[in-house]
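Read through the structures below before going on.
You will see chain A twice below: alongside chain B first, and alongside chain C after that.
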Partner chain A sequence: MSKKKLIKGNLFNRMSDTNLLLIITVVIFFLMYIGAIIFQGGGFTKPQMLFNILNSNAALIITACGMSIVMISGGIDISVGGVVALVSMSCAVYLDFHNGSIIGSFLIALAIGLAYGIVQGLLVAYLDIQPFIVSLAGMFFARGMTTIINTKPFNVENNQAFLNLKQTRITVPGMGSYNRKGIYVPAYIEIGVVVALVLVIILFLVLRYTKLGRSFYAVGGNKQSALMLGINVKRTKFFSHLICSTLAGIGGYVYFLHVGSGSASHAMGMEMNAIASSIIGGTMLSGGVGNIIGTLFGVLSLSTIQNIVSSAGLDQAWWTGITIAAMLCIFLLIQSVVMRQRKRALKS
Partner chain B sequence: MDNNRILEMRGINKSFPGVKALQNVDFTLNKGEIHALMGENGAGKSTLIKVLTGVYSKDSGTINLGDKNNVSIRSPQSAQNLGISTVYQEITLCPNLTVAENIYIGRGSSQITNWKKMNTDADKLLQKLDIPARATQQLASCSIAVQQMVAIARAVDMDCKVLILDEPTSSLDEQEVEKLFGLMRDLKALGVGIIFVTHFLDQVYEVCDKITVLRDGQFVGEYEIKDLPRVKLVATMLGKEMDDLSDIKGEQGTYSGENKDERVFEAKELQSDAGIKPFDFYIKKGEVNGFTGLLGSGRSECVRAIFGADRVLKGKVKMHGKEVKISKPLDAMKNGIAYLPEDRKVDGIIGDLSVRDNIIMALQVLKGFFRPFSKKQAEAFADEYIKKLNIKTASSDTPIKSLSGGNQQKVILARWLLMHPEYLILDEPTRGIDVGTKVDIQKLVLELASEGMSVTFISSETDEMLRTCSRLVVMRDRKVVGELTGDDLTQSKIMSTIAGGE
Partner chain C sequence: MGKSMIKKITGHQMFIPIMALLLLAVVNLIVDPGFFKVTLGTNNSGDPVLSGSLITILDYGSELAILAIGMTLVTAASGGQDISVGATIAIAGSAMLRVLCGTNTRPETIQAPIIVAFLVACVVGMLCGAFNGALVSIFKIQPMIATLILFTAGRSIAAWINNNELPIVPDPKFKYFGGFIPGIPIPTTVFIVIACIIVIVLVLKFTNLGLYTQAVGINESSSKLNGINPTFIKFLTFVILGLCVAVAALIKVSRISTINYSVIAKDIEMDAILAVALGGNALSGGKFNMWSSILGAYVIQFLTTTLYKFNVQSDALSAYKAVVVILLVIFSAPAVRTYFSGLFAKISASGKGRKEAAK
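Moving on, here comes the complex of A and B:
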């Protein structure tokens, strides 16, 4: 092995896998959005379109971030959709039937998330059960509990404090637009979006700068090596699940705040959207690679596609499904081509 | 004297289901001492090290560290905190993290990562140790040798009192080994006690002060290096007097049956995507030949191309004079070619399956998965080869991952022998295994050849190649540069061909 050859390569080769995939995701998102503005025009030219995407996907952003953390650590959690539904139903019953307080309902959401995290984390980390199986059980349990609490879906109508909070809109200055009658409509976001964006920033910092955050990457990269490097692998796995489920609890509350109702069929398949967003955002299912900012853009890409499909007049569920499938394939293809190219470049 | 002692292990016992891995083993290490831990595969070296580093917990016995008596080491982390650092043969770093992170992760109590400081510190360290890597580089983009050196840099930087080097040299070339030895001597001068595990006897005599020998999980003795000459060391390890290892070629007759000069395998202008130049190659029936060259010269890539393990880009391949197409390993297997890969961990064993399943695997693939062997048949196959190759295992049901390295290697060898291949490729079959097993394998190769099998043999140790091969293909910089036969098969001739020029 010749010595000096080892230091070489352009920026492309020097970048870490995580950063490379992040850049690919961000670039593709912007290309897609600009494409939508040019070819579809209409709503996409107004900033409110982007804000609407954020408003209706704040909960997904939060749960997808949790999902990314578990996936970076080499695990998976498919119970998050169930947890979101359980949180919505529990909070709806508490607020509507028992006229509970806002703080109380939020604590309920947090408690459900934490309890899920502790139980699943213990099972996965300390009893060494496959995370897929554990969270599959968790998913069924959550859906079942949701139905037990209340069979029928219903809207929260009798709690004024909650309705006020739900209606709260935060105007974004300078981003409004004029409607057909020439009246200025200010652009707005909901409270959930603020929560989501703050969490994204916090989680980004946690993953980048804390010992725990780096341990997630190490454990996902190679569990055995991480152990040898002196990392507490079990505790790291436990915390990945604890954080993910807690975020699912908070995400559940944000979801509830957006829809204002409880139903056993809420957030059906949300775990799959969270996984898809993470993957589009550059998180690898095999662990060790991923980025929270990427996940944010993953969610945005996913829902932009949905919006493009529906505003193109193909507003049927199966069209959305097919386009998302196609997009996932394209993203994965690009990722694998780029990574392969890189391996080859490094080898020679 | 006692002040000088930094590590004392007394009466260590450890058993696994069916195997007593360590029985009443003692080990003592002094300040500023390089202490070799020697023994055959399965003698308990790795187990002893793993007990010391907290990967396994001991069944009984005491460990004293410096003035701390009877310390308990429950995890690699607590070993680290006690000042025991380890560099393993297999890289135990995270490929997805940067070089700097791999050096500093899991250390210190700070919960926040200061990237800037970490990167400058790492760069300083890398520079000090003359390691060709940058702090911000992703580890996966470094060569294996550099990754190994990063692991050592990590251990060195941890301010350790006891440094364990578990076969760190098996993936390094000569210059890199020299560099490592320099590093070891520096550390020794600083008063660090170093435990050095290796199979290269030369290396032991070059750097070590003392030798402790284990055999079959038992403590044999501790010797000053000058009191234990090489031959005696081998004898002590094997537990029997051993005469000259070098002449085994004469014991086996060469193949003289039918079709003696038939070319079993022939390749023209073969090239794969692993970056080797196109090469020509052939092997005759009952011949043992080999690829030689420095580490990374493309030896393994050549045989991988022959077996179809890398993507073949161009070239013609003939078996018995007839053209065949080999584009994937299964094609090669169907044509009677077997390949024992270099990296048994990646390409060879399936750790959780039993020894038996690992042995019959290749044959099962050829037979088809929907026609499984009966348990009795599989049992018979497995037992036959466990006996034939003297594989040390509790039973054929034992998961292969609990076997020692050399025995795993024998299991993979058994897997391919079971197929009765016409052409067997062995890529570094003796790496990381002890002298006794090495000789076993070399003898086996010659025996197989005398029965008419063609064998291609690759080894980093040229004397081993000289002992077994009758023809050597020499490689340099991913290109075939020469071929040696007959009287040209000497150490010096190989060296000059590898070096090139006149």
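Moving on, here comes the complex of A and C:
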């Protein structure tokens, strides 16, 4: 009896899995960033460093959020990197060769994402095919189509409206730093970052407060019980894939806005980075556990460690891959050990 | 009775890969009647070699077939797939080159016997497999995520082993493994595959590996109650896959006598998983059919060769592959199968009804 009371009173055991993993991620991110400021100084003391990380990872944040939703509902989607490349190439061809409009190009991006979501969602949810195989084929298809549309990588140069949009910088009030000459340089972010942060907030609210959002957790946690609760499991799965691919489409446009070019090798391995960020952010592939805010911090942690490694002088290409993998490994082990401890504590 | 026969044939696990193989063969025959012609010619060094599309498929499908053996076991035991095989091929190949060439990247002679280099590669491959296996079996991490670690780091580690240099093996004997042995016109890789198949068939026949793997895959806790150690079985399947990876790495590296870290065995993990799926093995684990997977691997290579035959660019290859895969997967989906068998039953029933009405 007294044992039971102890467990109830223990903060560690009272927290839900989702919140516990989220807190681990956020704490580690801040420790890492503060550590970088103290030990490396330099770029990390300037606020622009953080904003640069955001600028170059806005697309990853968006796709990783979609990935988290699919993973929470118990699936996986490895086609997002391919979709991003396909969107960039299609938009680049449309804008540069056909002199298209910004709205038109955005609609193309959205349409590709929606089409992908509908097809993959139908195959996974209603035909009961493994999501891994479906999205694997989706990835192959997207990469191949990108090459079929245009073989050679190229920059968009002939579309002034797009170039203006690409150059748009939003200054952050109250943040900035003095450069070597003592001139005040305000910190800036790109449009993509705003899009990404707005999407993160919307998705966070959807997952926390709407019926659809809660049913993602229910389906991912236990399909049978979700069915018993009267949740339409197939439709929920379908929507998870629809949202993920649509976000990949939007993420593709943000990526395109950042790089301003089309290439078949764009966003190579982005799906793996998205999965890694989701895991670091506390989403579990077994489903039912995860948080969008955690995913945001997952992306930030991932790119912060990359920056730390490259500014520590280990700038050979292979160190990045090894550090990301090491980080992923550590987080997976933490998750595994923590979850086992909790299970044991709850049982006794 | 005829109906049950049809059901037996269409329901068999080998049905899908054999049908796919036949379909590909027919398409190729229609487009190019000489597709299956095998000619005996001589290669650059004057030795007799067989050439032809069929030989190409058998030759280049070998790595895939070897990987499919290991991947089938991993899939059956853990209900997940190893996505790091391409990256571990790079690691094992890099280790092999490091042993063969030493620190000098352009040696005059090899620094160690080939067999030693191969054994080192085997150890490295098995270590990688053991790492994945430990994460999956002991720490209970989902296989796809656990192997994501080596998938991300593998090629970087491979580059790091050789300090990002590209050593070239000077010994022409090293080329035999991925090419031809002088005097024998059949590609050596075919013999390697046959050796691997014999080994795995013997292992499955004389040990309980196959039975235990399936038992663990079908129900882990009940297999534990029956005295099987699921942790060890899962770990073992990953180590076996590591060994398969080392053999595949030997072939891959031998083909070009050097290595390209970012390109070697690229996307091979996807092909290996597809081979298992195409062979009708459930990707969620449980029962498996080894022959079906191996056949699946050759079907995939057949498809690749066919697409090249149609002058498809190597970069665009994946789009066509994806369409074929999706069609195959839809066709073999349980929901679609039940729908079609229901449709057949209806048609035959209405036919019977009409016959009876005519009577």
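Criterion: the second predicted complex is superposed on the first by the 340 of 348 C-alpha atoms of A that agree within 3 Å, B and C clash if a C-alpha of one lies under 4 Å from a C-alpha of the other, contacts with A are read in each partner's own complex, and residues count from 1 in each chain.
Here is the rule we go by: a contact is a pair of C-beta atoms (placed from the backbone, for glycine too) under 8 Å apart; a residue touches a chain by one contact, two chains touch by 3 or more.
Predicted model only: the values in this text are computed from it and were never measured.
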First, second, both or neither for A:V156, with chain B first and chain C second: neither
Chain B versus chain C as contact partner of A:A226, first or second or both or neither: first
First (chain B), second (chain C), both or neither touched by A:W318: second
Chain B versus chain C as contact partner of A:I250, first or second or both or neither: neither
Touching partner for A:A58 - first (chain B), second (chain C), both, neither: neither
Which of chain B and chain C A:A264 touches, first, second, both or neither: second
Which superposed partner A:D128 touches (first chain B, second chain C, both, neither): second
Chain B/chain C common contact set on chain A: none
In the complex with chain A, residue positions of chain B that touch it: 55, 75-77, 80, 86, 88, 91-98, 101-102, 105-107, 110-113, 115, 132-134, 136-138, 140-143, 145-146, 154, 173, 175-176, 273-275, 295-296
Of chain A, residues touching chain C in the complex: 76, 123, 126-130, 132-134, 136-141, 143-145, 147-148, 151, 264, 269, 272, 275-276, 279, 285-286, 316-322, 324-326, 328-329, 332-333, 335-337, 340
Residues of chain C touching chain A in the complex: 81, 135, 139-142, 144-146, 148-157, 159-160, 164, 270, 273-274, 277, 283-284, 313, 315-323, 325-326, 329-330, 333-336
For the chain A and chain B complex, residues of the former touching the latter: 1, 3-4, 6-7, 9, 13-18, 208-215, 217-218, 220-222, 224-232, 288-289, 344, 346-348
